[in-house]
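This report concerns only the one structure given below.
Per-chain numbering from 1; labels A, B, C and D assigned in written order.
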Amino acid sequence: MSSQDPYQGRFAQLVGYRVTAWRDDHAEVGLEIREDHLNRSGVLHGGVMTTLIDSACGYCGCYSPDPARPRQAMTVSLTCHFIGPVRAGDRLTAEARRTGGGRQLFFCDCKVVNQEGRLVAEGSGVFKYRRGSEPERG
Amino acid sequence: MSSQDPYQGRFAQLVGYRVTAWRDDHAEVGLEIREDHLNRSGVLHGGVMTTLIDSACGYCGCYSPDPARPRQAMTVSLTCHFIGPVRAGDRLTAEARRTGGGRQLFFCDCKVVNQEGRLVAEGSGVFKYRRGSEPERG
Amino acid sequence: MSSQDPYQGRFAQLVGYRVTAWRDDHAEVGLEIREDHLNRSGVLHGGVMTTLIDSACGYCGCYSPDPARPRQAMTVSLTCHFIGPVRAGDRLTAEARRTGGGRQLFFCDCKVVNQEGRLVAEGSGVFKYRRGSEPERG
Amino acid sequence: MSSQDPYQGRFAQLVGYRVTAWRDDHAEVGLEIREDHLNRSGVLHGGVMTTLIDSACGYCGCYSPDPARPRQAMTVSLTCHFIGPVRAGDRLTAEARRTGGGRQLFFCDCKVVNQEGRLVAEGSGVFKYRRGSEPERG
């Protein structure tokens, strides 16, 4: 995405994932696995999976309908479970939803599926709103 | 590192981290934070931190003194806590140690410090040895 | 439950929770919060919540239709998020489901709701089958 | 402990653990494993271990030299790894230390060892100070 895109950062560009759905309390990011996402064993690097989970989770609590007012959060804690194998060429979708929280923190969980809908990883986390990004409700 | 290096994978090259210490039950990886490690908020993407932790943890249980016989493991579960701020230009070191386990699984924890020795993140995880990579002891 | 019950252990009796539903890949445990489940601050001790989550998760991967052949697993890793307040008198239900795994390990996640169906905690974990308790499929 | 003890709660009495050391950013709790701490498999219930870890972690960020002014925190997220076997009669010590945080949240990790000093579990967590319990520094 272009550098003007207020919703996509530099590391997203480096890794190549994209936000494919975003609404209140929900976000999805997608990535097609390439050779440069693999580790020294020739399988998906765990860090690619945690990047997708962290990204989808962060977005899901920060939806803003106004591009001029992006909302932001920082990861406090993230846990990921690696459930199924992933190979180069697979197309992964990480789908996160906000499960609770208030004005300072939010909780979320995330499922990552491949192009056949098979669950390959799960994650959950706690995030902290940056100042000015807190929700109006609470 | 060159593509002949049996210890470094493609995602390590993409992100730019390097193994800086490795011995039985211990591993360190280092990374200087660049602009393309940042997220849309201009701070370190959580996925870079989890990548360093996952990498250091994976290495620490798989030391092999013989480059012709690399040992490998897969992440089962990984948890990361984000403790302090990180900025572009910071030099991070993730130091992991194996804390337990047997022939199938190993446990490890990891601390990430910046160039001043300040703790910026912690993690822990469970890994599973790939077939043929199990420890002789255990 | 009586000491003859092959499905309930001593700590379950001490804490007072009961298995309220159990089938393949799914389990529920219930507990009414009493004064002796509270911590020094007068709110639910985190350990009560993690006990319910650990229990429901452990059961969900070990269903056996034959009481004479109980199946058993050990917790490898457990993560819990504390989402909403709980008070004495609340009736909690922890509902866990197996999300993946094979013959050695299984993954699961768990939601804990109160008597109004409100989510008060979430958890996820990795468990290891005890010898003789592995699933036939895998 | 007596009900006047401002530092010990009801669930601590039920389970039987005691605070054995407490100072700024550090806490230890101890428990001798009894039959009623076991699960239906006759080994330590995971919930006993997570209770010790949650307790030690919660204390370590809330030291107060003045019994008339107890400080309190709530668990936000807790992760535990189960590393070694525990049997009835074992004497466990959970030792937690605060690793970071500010005025709202703190991070901590915890090791649990048996009477021989052998590591049997590790944990880490995020806690939130209750109003009025925030640290002055931070």
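Before moving on, here are some points about what is shown:
The criterion applied here is as follows: a residue touches a chain if its C-beta (ideal position, glycine included) is under 8 Å from a C-beta of that chain, and two chains touch if they have at least 3 such contacts.
Only a predicted model underlies this, so the values are computations on that prediction, with no experimental measurement involved.
Listed here as common contacts of chain B and chain C: A, D. Chain centres computed from CA atoms place D at the largest separation from chain A.
Look at where the CA atoms of chain C average out and do the same for chain D: the two points lie 20 Å apart.
If each chain is reduced to the centroid of its CA atoms, chain A and chain C end up 28 Å from each other. Centroids of chain A and chain D (each the mean of its C-alpha atoms) stand 32 Å apart. Across the assembly, chain D contributes 76-77, 79, 81, 126 as residues in contact with two or more other chains. Put simply, chain D touches chain A in their complex at residues 76-77, 79, 104-105, 126, 128. Looking at the complex, you find that chain A touches chain B at residues 6-15, 35-43, 45-48, 50-52, 54-55, 58, 70, 72, 74-82, 130. By the touch rule above, chain A contacts chain C in their complex via residues 79, 81, 83-84, 99-101, 107, 109, 119, 122, 124, 126.
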